[in-house]
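Below are structures written as structure tokens.
Next come two complexes built around subunit A: one with subunit B, the other with subunit C.
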Partner chain A sequence: MLGWLHRGKGGQGAVDPRKNYPLYIRSTPMESELKFHYMVHTSLDVVDEKISTMGKALVDQRELYLGLLYPTEDYKVYGYVTNSKVKFVMVVDSSNTALRDNEIRSMFRKLHNSYTDVMCNPFYNPGDRIQSRAFDNMVTSMMIQLTQESSTAMELADKAQHSASPGTQGSASSFSNFRWPKGKVPTWLLKHQLSLLLSTAFKEGSKGAKQESFPRKL
Partner chain B sequence: MADEALFLLLHNEMVSGVYKSAEQGEVENGRCITKLENMGFRVGQGLIERFTKDTARFKDELDIMKFICKDFWTTVFKKQIDNLRTNHQGIYVLQDNKFRLLTQMSAGKQYLEHASKYLAFTCGLIRGGLSNLGIKSIVTAEVSSMPACKLNLHFL
Partner chain C sequence: MGISSELFTLTYGALVTQLCKDYENDEDVNKQLDKMGYNIGVRLIEDFLARSNVGRCHDFRETADVIAKVAFKMYLGITPSITNWSPAGDEFSLILENNPLVDFVELPDNHSSLIYSNLLCGVLRGALEMVQMAVEAKFVQDTLKGDGVTEIRMRFIRRIEDNLPAGEE
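== the complex of A and B ==
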């Protein structure tokens, strides 16, 4: 899963690098980070398109949640734009079928609430990278929660599979009774099941001079 | 009622504190006004983020102005803006006939020359709120007769 906080005015077709820069990026696994960065960056176009289509009933103009932006073969991308032009983008593994729409919504709400807290922090300068530990912890807990849910989905899938084919070996069926101890998900599962990249939003061009060199070697 | 007085008194102290700690020549330069305005700017940014968290998406600039005049003003000053005028080309004039931060001061022309100090923070508040919503603006205030005040917004 990948998330991206992006800030900038929509309206243009191409993503203007001056206007959209990340405020926060988080991903797991760390290997395919650049791929996620690229995906999120391209999905910004879709976000802009969605919020600028006035009058069309594609998406409810009064809502902040944008829903599924576009599905690729491996990943699903979700978007959310606040009134203050901050865009959140989340990329989730497609194999994670247990994720329902309202769960994604609630995750975006949590992100928005945490972002509001960051904004009200006097030590935070709007436009900077988000370095708040509270924000980091919230994101980590969200990622863990998603990993646990995906592992539950895996077990359920396994169970269904094993009940359908009774000829499976005993070793496989014992796996379906396994439950991860709460909060202790092994790293291999994190790596293979979920990738969360939260990239932060870029601020509007007013702080253009403060832009950090984001990995541009896409 | 108590929570209203809290901000009012704090604001008054803030203004006098900024002016007391001003260095020579700063008072004439208007640097104190700038300091107060910048304070209001940062506060406005955070406030707007909190207030717009649960509201629907704004359709256009007029929508944003209506939000400022109604919801924002009510939450901060417990009343709405009395009059909003615009030329639909980026100039807005907000009129508040009984501005909360000035009612305690006078009800006519007395202390008129000091009124601008007490409006600087509010100007910054509006400017910060608008900037967080993606609008760059210039906000100025004029007081012709206390406690009524006019705020001029110029969208850039």
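== the complex of A and C ==
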């Protein structure tokens, strides 16, 4: 499921150079699209906030990785920003405990590298939505890998829970009412929502990209 | 150490996309790329002959070897393989497993008949003309279009006997 939306306040087609525009959004079809879009909006605000407060410290360290932006009950949101003001936001299900900080960092690095490849395509105009097959494939493989890792973790957790107290429900997981048969978690089904958002803030005066102004469901 | 390959790739890409904007249809862009390649080829051959010190080729097979093993290596850093010789020995294919011109390039759907690397065909044509060979070079497979490899088909047309200086195209 791919969707994208326009953050600007200025009505249809208006391009506000100080706002963020999504270049690429990818998510697994588990949650309502609206809720996800809301979360992504909020994360961008947090990213902007982090950049302005950390400001000098970021520049000194040459640190691109912003770390955990904010935890919610169900999700963890991570951020990464390049020197060219391109922001990457990753949303991962909280129940995916197998994910370590350095894994997130390396995922962002991969994303950054693939984004660089997209920019090097002479047919790609900066600001366009990213439609590169190579980029899609990289994201897909990342999401699959994530699912496989977390599925293993989930299976272990499942087994532990089942053997301890079969009747107990109630975890922080958002699908606590649903149990896969033990050991039969299908890896093709992306259980854990990994959502990626790439957005860029245009500098004042740069040519605006052609953008639509409503969430478009595909 | 020469210039970076990324700069080269980006420069070529900028050239092609600018031509696409200027000409609006793929066929015209292909022709322009061939023309530009020809103009490069007629000059490049002098540099090549001076640097590589190869002698005169006795037949088209020798020419193929020199093109693949010396020229491509010298200018693009790759060594295509030579296959599919015609029975008469006047046609062969150059198989390029990777093509530095197309690093990072993804052809959009509205340019399906664009021969992105057509400059190469012009270069080959122009260079060989300066050593008295009229040839035809064309792409028959292209990784940009989903093929597994990139294949250039080279066809010997005739020997150029008259010594009139080659004009610019």
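Criterion: the second predicted complex is superposed on the first by the 137 of 218 C-alpha atoms of A that agree within 3 Å, B and C clash if a C-alpha of one lies under 4 Å from a C-alpha of the other, contacts with A are read in each partner's own complex, and residues count from 1 in each chain.
By definition in this document, a contact is a pair of C-beta atoms (placed from the backbone, for glycine too) under 8 Å apart; a residue touches a chain by one contact, two chains touch by 3 or more.
Just so we're clear, the structure is a prediction, and the values are computed from it rather than from any experiment.
Look at A:S84: by the touch rule set out above, it reaches subunit B but stays clear of subunit C. Looking at the shared chain after the overlay, A:T140 reaches neither subunit B nor subunit C. Look at A:P126: by the touch rule set out above, it reaches subunit B but stays clear of subunit C. Touch counts on subunit A: comparing subunit C and subunit B, the chain ahead is B. Of the two partner chains placed by the overlay, neither subunit B nor subunit C lies in contact with A:S106.
Comparing which residues of subunit A touch subunit B with which touch subunit C, the overlap comprises 120, 122. Subunit A contributes residues 9, 51, 54, 61-64, 81-85, 112-113, 115-116, 119-120, 122, 126, 204, 206 to its touches with subunit B in the complex. Contact residues of subunit B toward subunit A in the complex are 42, 45-46, 48-50, 52-53, 55-59, 131-134, 136. Against subunit A, the residues of subunit C that register as touching in their complex are 6, 9-10, 13-14, 16-17, 103-108, 111.
The touching residues of subunit A, counted against subunit C in their complex, run 117-118, 120-124, 132-134.
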